[in-house]
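Below is the structure I would like to discuss, written out as C-alpha cells.
Chain IDs A, B, C and D follow the sequence of writing; residue 1 opens each chain.
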Amino acid sequence: MSHGKEGLRRRAYLLLEHPGTGPRLARVLDVALILLIIANVIAVALETVPRIYATHHASFRAFDTISVAIFSVEYMLRVWASAEREPRLPPWRARLRYMRSPMALIDLGAVLPFFIGLLFTSNLQMLRILRLFRIYKLTRYSPALSVLISVIREEAGALVAAFSILTILLVFAATGAYLVEHEAQPSEFGSIPAAMWWALVTLTTVGYGDVTPITPLGKVFGGFITVLGVGMAALPAGIIASGLADHLHRRRDQLRNEFRLALEDGKIDLEEGRQIERLRRELGISRDIAHAILSEVRLRQVPRGECCCPACGHVFDSRKLASVRSAEPSKPGLQRIHDKPEGR
Amino acid sequence: MSHGKEGLRRRAYLLLEHPGTGPRLARVLDVALILLIIANVIAVALETVPRIYATHHASFRAFDTISVAIFSVEYMLRVWASAEREPRLPPWRARLRYMRSPMALIDLGAVLPFFIGLLFTSNLQMLRILRLFRIYKLTRYSPALSVLISVIREEAGALVAAFSILTILLVFAATGAYLVEHEAQPSEFGSIPAAMWWALVTLTTVGYGDVTPITPLGKVFGGFITVLGVGMAALPAGIIASGLADHLHRRRDQLRNEFRLALEDGKIDLEEGRQIERLRRELGISRDIAHAILSEVRLRQVPRGECCCPACGHVFDSRKLASVRSAEPSKPGLQRIHDKPEGR
Amino acid sequence: MSHGKEGLRRRAYLLLEHPGTGPRLARVLDVALILLIIANVIAVALETVPRIYATHHASFRAFDTISVAIFSVEYMLRVWASAEREPRLPPWRARLRYMRSPMALIDLGAVLPFFIGLLFTSNLQMLRILRLFRIYKLTRYSPALSVLISVIREEAGALVAAFSILTILLVFAATGAYLVEHEAQPSEFGSIPAAMWWALVTLTTVGYGDVTPITPLGKVFGGFITVLGVGMAALPAGIIASGLADHLHRRRDQLRNEFRLALEDGKIDLEEGRQIERLRRELGISRDIAHAILSEVRLRQVPRGECCCPACGHVFDSRKLASVRSAEPSKPGLQRIHDKPEGR
Amino acid sequence: MSHGKEGLRRRAYLLLEHPGTGPRLARVLDVALILLIIANVIAVALETVPRIYATHHASFRAFDTISVAIFSVEYMLRVWASAEREPRLPPWRARLRYMRSPMALIDLGAVLPFFIGLLFTSNLQMLRILRLFRIYKLTRYSPALSVLISVIREEAGALVAAFSILTILLVFAATGAYLVEHEAQPSEFGSIPAAMWWALVTLTTVGYGDVTPITPLGKVFGGFITVLGVGMAALPAGIIASGLADHLHRRRDQLRNEFRLALEDGKIDLEEGRQIERLRRELGISRDIAHAILSEVRLRQVPRGECCCPACGHVFDSRKLASVRSAEPSKPGLQRIHDKPEGR
C-alpha cells in the first residue's frame, strides 16, 4: 500500500467521519447528504400518491438510481476509510468490525433493497417502501438522539414499570367494558380483543370516538377508567423528560466542574483550554451553552476572591485557609487567585 | 420430619423464591411461568370472540385445565416451602403467615374460580372472565412495579390534591355545561350527571366527540374549561413521574455512596464487594447501571487523590488535610481506610 | 359571660376546628360533615334528572331543608366559637374577622341561597344549582389543596408565560385555519371566532372531531400547529407537577433537618419530640411518612458514628474533629454520639 | 439641539421604556397600550364574522384608523427617544440600531399594513388579517415570555431530539398504516402523505376520529403505535416544563445567595438593599416572592448563630470555629462582616 494511498484514505476518513475537527468541506458534505436523505424520504412518500406516480414515474426512477449510486459510493468509501479507525489492526479486520456497527448496517440497509430489486422483480412495492427507512441514516447526524437513547436505557426500569401498569390497566379496562357494554353494542364490544381497541384509544387519551360506551353503567366505568388512565398514559413521557433533564444537566455540570478547576488560578491556559474543548465535544454541548456556563462560573468565582458553595451559598472564608498557609510553607490551592496580582 | 425432606423443601424454596441467588433452573422456571400466565390472559381474551370459541372450544378447556393444574401445584409448593421463610417459627405458622400475604392470595385467586366452577355450574361466563385476573400473578416478577407502588404511596398527598381539584373542576364543568347547553341539547346535556360525561371526556382530553357543545356560549365555556382542565388532568402523571425519578435517583445515590465509601482506600475488597452486591439486589438496580455508577465514582474519586464535593464540584485541597496530619500524631480521616489492612 | 359558657365555647371550638389535637369526637364530626357535603352534591346533581326529580320531589326538598339546618347550625357555632381564635381581642371583633375569612364565606354561601329562595320565589332552578357549590366546603378538610394553591402561586410567573404562549398560538392557529379553510368549510371556519373553536379543541389535544380541516393545505397547517401545540398545552401541568414535587420535598427536608438536629445526641427527648410533632402537623406530613423519614435519618446517622453529607456522600472524619476537641475542654457537638456508650 | 429638547426626550424615554423605575404615568400608559392591543385583536377577529362586519363596518374602520394613529405616534416616539439608549453614539446611529431590534420591527409591522393598504387597494382582506399580528406587541410587556424563550434555547438540544424521534415515529406510523389499511380505505390511507394525517392526529393524541383504522391488523398496529407515541408527543412539554422549573429556581437561588451574603452581619444595610433590588428587577422576580425568600433566609440563618448546610441540613458546630479563633490572632471568617462597621 503506497504512502499516497494511505494519505488519501486518511483524508477520506476525516472528510466522512471528521472526529473532532475535519476540513470545512466535511460540513458541506454532511449538509448535502442530509438533504439527499430528506429528499429520498419525501420522494418515497410522494410515489405512493397514484396521481403523482403516474405522471412522474420516470423522474422518480432516475432520482432513486442516482441516490442509490451516491449512497453506495458513500458506503464503500466509509468502509474503505474505516481502516483508519483502529490503525493497530490490519485494515480488513478494522473494516469488518466497522461493517458490523449499527451505523454501517443502516447504511447498507439503505441501498440493499435496490440491488435485491434488480435480482428479483416481484413485490416491487414493498421494496419501494423499504427505501423509506433511509430516514434512519439521519441518526448519524443527530447527537441529541444518542442522548435520548441513553436516557431511555437509564430509565428502562421506570419505563417498564409504567408500561406494565398500563398493560394491566388495559386488560382491566377492556374486560370491564366488555362485561358492561357487550350486550348493548355487540359489534363494538363483542369480545375482549374488540373492547381492547376502545381501551387503548381511551387510556392513551386519543379518543377517536368511533367506539364509545353508551349505557349509563358503561359511561360510569369509562369515566372512572379514563381518570385513572390519563395519569398512566403520560407517565412514560414524564419519566423520559425528567431523565433527559437530569442527563443534560449532569453533562453541563461536568463541563462546569472542568471550568471551575481550570479557573482556580484565574485564567484558562492553553493546555486547560484544549482539554475543555475536547470534553465539550465529547459531551455534545454547543459552543453557545459552553460560553454561557463559562461566564456563569467566572461571575461566581473570580470577583469574590472567596470560595462559595453554589449548592448552599455559604462563603468559605479565605482567611481561615490563609491561617493554614502560614503554618505550611507550600501555598494551598484556594489562595492562588488571591496571590496572583501581588506575588507572581 | 426427615432431614431429606427438609433438604428437598429448602431446594424447592430456593427454586421458587430464590432470595438473592437461586439455582439457574429457577430462572428457567420463572420464564416458563411468565409465559404461561401471558398465554392464559390471551386465551381468556380470545375465548370471548364467539367465532374462535365455537371452533376451539375443547382446546380452550384443555388448556385451562392444564394451566390450573400447574398453578395449583405451584401454589401448594410455595405454601409448603414457605416454612423456610421463618425457620424459627413452627412450619404451620410460617405457612399461615405466607398464605395471608398479597402474593399468595393472588396465586390462590388465580386457581380458585376453576374449582368453584366445578361445584356450581351456573354463571360460567363470569368465572371465565375472572381467570383474566391471573395477569396479577405477573406482579411477582416485576420489581419496578413495587417501586411504582411505593412512589404512589409517597406522593399520595399530592395525588389526592390533584384528584380533588379535578373533581371540583368536573362538578364545575358539568354544572356550567348543563346550564348553558341543556336547552339546545336536552338529550346530551339534559341533567348534571349527563353533562358529567361530557366534562369527563373533555377534561381528560380524550374528546370522543359524541357529545360537544353547539351553542356559542357553550363553546366559549367549553374552551375556557378545556384550557384550565388540560393542566389538571395531566397533573397526576407529572406527580408520579417526578416522584419516580426522585425515587430511582435516591436508590442510585444510596449505591453510589456505598461505592464511594468502599473506594476510599482505592479498591473494593471482597467483603465490601459482597456487601455492595447485596445492596444492589435489594434496591433492584441492574448490573449495567451499577457498573456505570462505579466507573463514574472511580473517575471522580480515585485519580485525583482529593476530596471533591459533587454538589458544587469544588475540589478541597489535599494539602490542607496534609497540614492537619503533620500537626497531629493520630492519622487523619481520609487515610484511615488505607491504613486498615496494614496497621490494625 | 359566665365561666361555664366560656368552657362550653372552648369545647365547641376544639370540636369544630381542633387545632393540633382535638377530642376524638371531632374526627367523627368531620367525617359526618364530609359525607353530608358529598350527599348534597350528589342530590343536587340527581335533581336535574327530570325522571328522578318527578318521583322523589318531596325527599329532595326534605333532605335539602335538613342539610341547610345542619349547615346553618354549624356556621353559627363556628362563628360563636371563633372568639377563641384570638383571645386578646373582644369576642365580637374576633368573630367579625373570622366571618370575613374565605372559609367562613364559603360556609355562608352554602346556606344563603336557601334563605334567599324563601324570600324570592322566582328563578328557583338557578338557586338549586347554586347549592352545588357546597362542594367548596370540602376544601376545609383537604390540606393538600392548600399546598396545591400555594404551588400555583409560587409558579405564577411560569404559568402566566405558558398561558401567554398558548394564547398567542391559539390566535395564530385560528387565523391560519380561517385563511386556509374558510372557503372549503364556510360554516365551520367562516370567521376567526369560529375557527378559534377548532384551534382550542386541537391545541388542548381534546380533538372532538366535530370540526376538522379537509383541504390538503389545511391538513398540513393543522398538523404543523398540532405538533407545536401539543407541547404547549401540557406545559401548565408540567410546571405545577414539578413545582409540587419541589414544594413537598422542601417540606420533608424541613422535617428531616429537625430529626437530624434532634438525633445528634443519639435520641429524641421529650421536648424535641413535641417540637417535631408540632412541625409535622404544621407541614401537613402524614405520620407514616414522618416515620419513614425518621428511620432513614437513623439509618444514615447513628450506626456510622460519623457525620456524612447525604448530598455528596462524603464522610467527615470524626477524628479530625476529635483533634479539635483535645485542644478544647468543652466537647464539640459531633462527638456526642461517639461518646455515649463509653463516657456517659 | 437645545437642552429642553433633550430633557423632553429623556422624559419620553423614561415614560415609554422606564428602565428600572419610571414615573407612575408610565404604568398607566402601559396598561392603556395593552388594552388597546387586546381590543385590536378582538376587533380583527370580529370583523371576520360576516354578520357583524356588515352592520358595524364604519365603526371597525374608525377604530382601526385611531389605533394605527396611536401606534404610529408610539413607534415614532420610541424611535426618537431611543437616542437615550446609547448616549455615547450619535442619535441617528442609536436610532438606527433600535429600529433594527426585534421589538421595533414588531411595532413597525403593526402599523405598516395600514399604510400599504392606503397605497395598494387590492387584497384588502389579507391586510386586515395581518393586523392580527399586533398581538405580538404584547410580548414587550411579558417578562415571563422572555424566560420561556430562553428556556427553549437552553433545552434546544433535548427539544430537537424529541422532535427528531417524533418525526421518525410519524414516518414509521404513516408507512405502516398505509401498508395495512390502504386496500380497505383507499380514500383515507391511499398514500403515505394521506396516512400521515392519521399518524399526526394519533401520535399527538388529538384523535379527531375522522380517519381511523378499521381492519383488525390496522387496529393492532394503531394501538401499538399509539402506546409508543403517547410518550413521545408529550415529551417537548415535559422538557420545557422541567427546564422552566430549573431556570426559575436558579434565578431564585441567585437572589437567595445575595440575601444570605447581605444577612451574614444580621442586617441588610442601604447599599446591600439597593444592590439586591437591582438584581431582583433584573431577574424578574416579584416583590412577594423576594419577600418570601428573605424571610426563609432569615429563619434559617439568623437565629441559629451557626452555619448550616441547606443541602444536607447539618449544622456545623460553632465551637469548632471558636477553637480556630482562639488559636489565631487574626479574626476568623464568620466574624469578619460583624467586625466591619467598627474595625475598618
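One rule holds for everything that comes next: a contact is a pair of C-beta atoms (placed from the backbone, for glycine too) under 8 Å apart; a residue touches a chain by one contact, two chains touch by 3 or more.
It should be emphasised that the depicted structure is a prediction, and the values quoted were computed from it without experimental measurement.
Most remote from chain B, judged by the distance between CA-atom centroids, is D.
Interface note: chain A and chain B, two copies of one sequence, contact each other through mostly non-matching residue numbers (shared numbers fall below half of all numbers used). Superposition angle, chain A onto chain D, using Cα atoms only: 90 degrees, a multiple of 5 between 0 and 180.
Interface equivalence for C-D, evaluated over B-D, A-C or A-D, points to A-D, where over half of the contact pairs coincide by residue number.
Chain B and chain C have centres, each the mean of its CA atoms, that are 27 Å apart.
Note: centroid distance chain B to chain D, computed from Cα atoms, is 39 Å. Shown for chain C are the residues in touch with two or more other chains, namely 196, 205-209, 233-234, 237-238, 241-242, 309-312. Within the complex formed with chain A, the residues of chain C that make contact are 205-209, 234, 238, 241, 311. Across the complex, chain D meets chain C through its residues 41, 44-46, 48-50, 129, 132, 135-136, 138, 142-145, 147-148, 163, 166, 196-197, 200-201, 204-210, 233-234, 236-238, 240-242, 244-245, 248-249, 284-286, 289, 309, 311-315, 317, 319-320, 322-323, 327.
For chain D in complex with chain A, the touching residues are 154-158, 160-162, 164-165, 168, 171, 174-175, 178-179, 182, 190-194, 196, 202, 205-209, 212, 219, 222-223, 226-227, 230-235, 237-239, 241-243, 246, 253, 256-257, 260-261, 264, 307, 309-311, 324, 328, 330-334, 336.
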